[in-house]
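Listed next: structures, encoded as structure tokens.
Shared chain: chain A. Partners: chain B in the first complex, chain C in the second.
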Partner chain A sequence: MIHVIHPGLQTTIQDGGRIGFYEVGMPPSGAMDKYSYAVSNLLVGNNENASTLEITYLGPTLEFKVDTVIALTGGDIPPKINGELVPMWETLEIKAGDQLSFDFVKSGARVYLAIAGGIDVPQIMGSRSTYTLCGIGGLEGRSLQAGDKLEIGTDNERTPIVGARIEDKYIPTFTKKHEIRVVLGLCSYRLTEESKERFFAIDWLVTPEANRVGYRFSGERLNFVDREQPFGAGSNPSNVVDLGYPIGSIQVPDGVEPIALLNDAVTGGGYATIATIISSDLNKMGQIKTNESVRFVSVSIDEALAARKVVKNQLEEIKQQLNR
Partner chain B sequence: MARYEYGGDEFIFVELSEEMSLEVNFQAMAITEELRKENQPGIVDICPSNASYMVRFDPDKIHPDELIAKLKDLEQTVSINDFEISARIVDVPILFDDPWTNEALMRFRDRHQDPTSTDLEYAARINGFESKEELIKAITDSPYLVSMIGFVPGLPWCYQMVPREQQIEVPKYVRPRTFTPERAFGFGGAFAVIYPVQGAGGYQLFGTSATPIFEKDQRSYDFKDSMTFPRQGDVFRYRSITLEEYEEIRKQVEEGTFRYLTKDITFTPKTVLEDPKGFSEDVLRRLYA
Partner chain C sequence: MMSESTKVLAAIPGMFYRKPSPEEDVYLNEGDKVEVGDIIGLIEVMKTFYEIKAEKAGILESFLTEHETMVDAGQELAILTEQSE
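What follows is the complex of A and B.
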């Protein structure tokens, strides 16, 4: 059992996500940075879909009531056990009575805390991930609160080795300027050629509206090609006949402030989508904070698939090293 | 001409048409149903939408270009002429012009095209109706096809089964509201919707549904198998109710005893497209028989 003493800013239970229900409008939720999430579970010997705590910006204070093994990955929010700094990306031993707390965030935005066995909450539609808008998954469908008690689950498949550490080359670093790769497309034909160029030419500033639902960016106005709006679309030039939104897709309501839709986003609506963040860079998006800047980089589908493969291979290599 | 687009490395988006019509919605339904039947490995989600559809796939199992070739093939071979829809006709009771929705929409007049009137008055005027009562009559006279599900879990986009010249069309808010009450009945573009849960929204607000769209604890009969009630292909009839009936239904919902009035129906796109009025009359006859 783990006691929540302080909940932190927004700490939620997340796993690989609620997959396969997009057609009824159920977003996947799940860990925003799937790479860090996966590594945290590998370090404690969990199966790949075990639930972890996703910690955002400001960490919680937790007290462990049992001996266990944990690992912390993701952005650099320095963790402390009983007040002593401990390393991230390493398998750590916990004794009953130990307190885990965090310093202020140094870089990145989200930390994943894996506990051997995962966190035991009911699976809703095949997932333990928290989806706060509808109040489902996780602990009562909400972020953690002071006084909560978390039960440890049985999602472990290997005996972890305390002190096992991920090689530096596998540890991502996060700065304040980011490049995010996207595949241009969907309804990008709605943007003027000039606006398409400008979209890739400027640094977009991340606004305070940056959370699990999506990130909103400020920069400059983008313009749509003049047309008579098709029947059923609505009158704004950024409107289309309501359609499905891919996870990671970017829309620009009224041409003002692009929005990237993420894990807890709406699954469809009436705004023209212009590009989609590639799956490997969604991990990076989850580590971006308000006031940091993003440059979007256009890549081909083959480059997107190659980038995906790089992440997959890295996780495979880490897995083999930890199993040795 | 349909457009096939990559939505990153995990989605294919297919826009069958830029404009909405019953034909194109039936086409999206027919293609996605065929795709579902084929049970191809590597397909994660199949999401039919209004005039388009989207497929989520696992690129480690199927290459996006292979999937696109498959979908283009379906576009050629699947015809709505030999497509049959088995669905439910559903009576959906709506309290129009209700105090709670009005309170909510009055808070956001600065985001609306016409800050001096209500959404109902505005929509009636721009669609050429003499009064909001006439608009409500037009909304409730003919049933709707549930043409897409999404936005949030269960939200039904509903497209009225009437000829194009009788379609009601309204713009979305100038800037979206940050608040919409749960079960609000809205209209945007040519679509009627019910908001399943409280949240943001940009559709014009006309009233409130007495009955739930999303029920997370799944305690009443209609939610036994799923937290969401609407299914694509359903035929919804919105019925205007009084405050007394609204309160009676709300009591049943809260007690967990409410059941939607539904009838099963099997129909072809052809019957709807050739005689929407006849189809509509048949639907209402069956529903209330």
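What follows is the complex of A and C.
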């Protein structure tokens, strides 16, 4: 069992996500940075869908009541066991009575804490991920609170090797300026040519409204092509007839402040989606903090699929190295 | 009498406020006495307000960050001077 002494700012139980219900309006939730999430589970010998703790900006203080094995991956929020700094991206041994705490965030935004066996909470629609807006999944559908007790699960697949470490080339680094690749569309035809150019030309600042639902950016106004709005579309030029919103899609309500929709977002609606973040860069998106800047880079579907393959291959290589 | 200055840091990035709400007065003025656990300000991020609390008792010497400005994690918010007899 794990005792939550201090919950951190927003610490939730997340796994690979609640997949298969998007068409009925249920977003997947799940780890925002799937790469770091997957590596944390590999390091402790868990199966691919084991639940982890997703820690945002400010780390919790946890006390372990049993001997176990853990791993921490993701952004750099330096972890400490009993007050001593310990490495991330490495399989760590925990003794009953050990306390895990964290220093202030240095880079990135989210840390994944995997525990051998995962965290035992009920599966809701096939997933243990917390979806706080609906109050389902995880621990009572909410972020952790002081006094919570977490039970360890049985999602082990392999015996982990304490001291196993991920090679540096597989460890992402995060700065304060980010490039995020997007595929233009579905409704980019609604933007003026000039605004389309400006969208890719400026650094967008991440506002404090940046969470698991979406990230809002400030920069400059974007303009839409004049038209008579079709039947079923709202009157604002940023409106279209309702459509499904891809995860990572970017909309610009009223042309002011683009919003990238992420894991806990609404699944459809009537705003023109001008571009969609490619799946491999959603991992990076999850490591971006308020007050940092993003430059969007346009890529083709083929480039997006190639980037996805790179991530998949990296995870496969890590898996093979850890199995050796 | 000994005095030692410590800097109060922002634990998280976000919007820094010195008031509990726009209509109310600031939590603390420069020169005010502070007890452990007193609220120095708020940081708003992800629709959450995080309270910055004094970890030591003393005098709030000065603010290094203005009300309603964006801060980064680790940014210096205020100087607190501890006093011991």
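Quick note on the criterion: the second predicted complex is superposed on the first by the 324 of 324 C-alpha atoms of A that agree within 3 Å, B and C clash if a C-alpha of one lies under 4 Å from a C-alpha of the other, contacts with A are read in each partner's own complex, and residues count from 1 in each chain.
The rule is simple: a residue touches a chain if its C-beta (ideal position, glycine included) is under 8 Å from a C-beta of that chain, and two chains touch if they have at least 3 such contacts.
Keep in mind that this is a model prediction, so the values were computed, not measured.
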Touching partner for A:Q99 - first (chain B), second (chain C), both, neither: neither
First, second, both or neither for A:A210, with chain B first and chain C second: second
A:T61 touches, of chain B and chain C: first, second, both or neither? neither
Which of chain B and chain C A:T290 touches, first, second, both or neither: second
Touching partner for A:L9 - first (chain B), second (chain C), both, neither: second
In the superposition, chain B vs chain C on chain A residues touched: B
Chain B versus chain C as contact partner of A:N239, first or second or both or neither: first
Partner chain in contact with A:I278 - chain B first, chain C second, else both or neither: first
Chain A-facing residues of chain B, complex: 3, 5-11, 13, 15, 17-21, 44-54, 56, 59-60, 63-65, 148-155, 157, 159, 164, 167, 169-172, 175-176, 188-191, 197, 199, 202, 214, 216, 226-228, 232
List of chain A residues in touch with chain B within their complex: 19-26, 125, 133-136, 141, 182-183, 185-187, 189, 230-236, 239-244, 246-249, 253-254, 266-270, 273, 276-279, 301, 304-305, 308, 312
Touching residues on chain A, where the partner in the complex is chain C: 9-10, 56-58, 104-106, 208-211, 289-291
Chain A-touching residues of chain C, taken from the complex the two chains share: 9, 11-15, 44-48, 50, 70-74
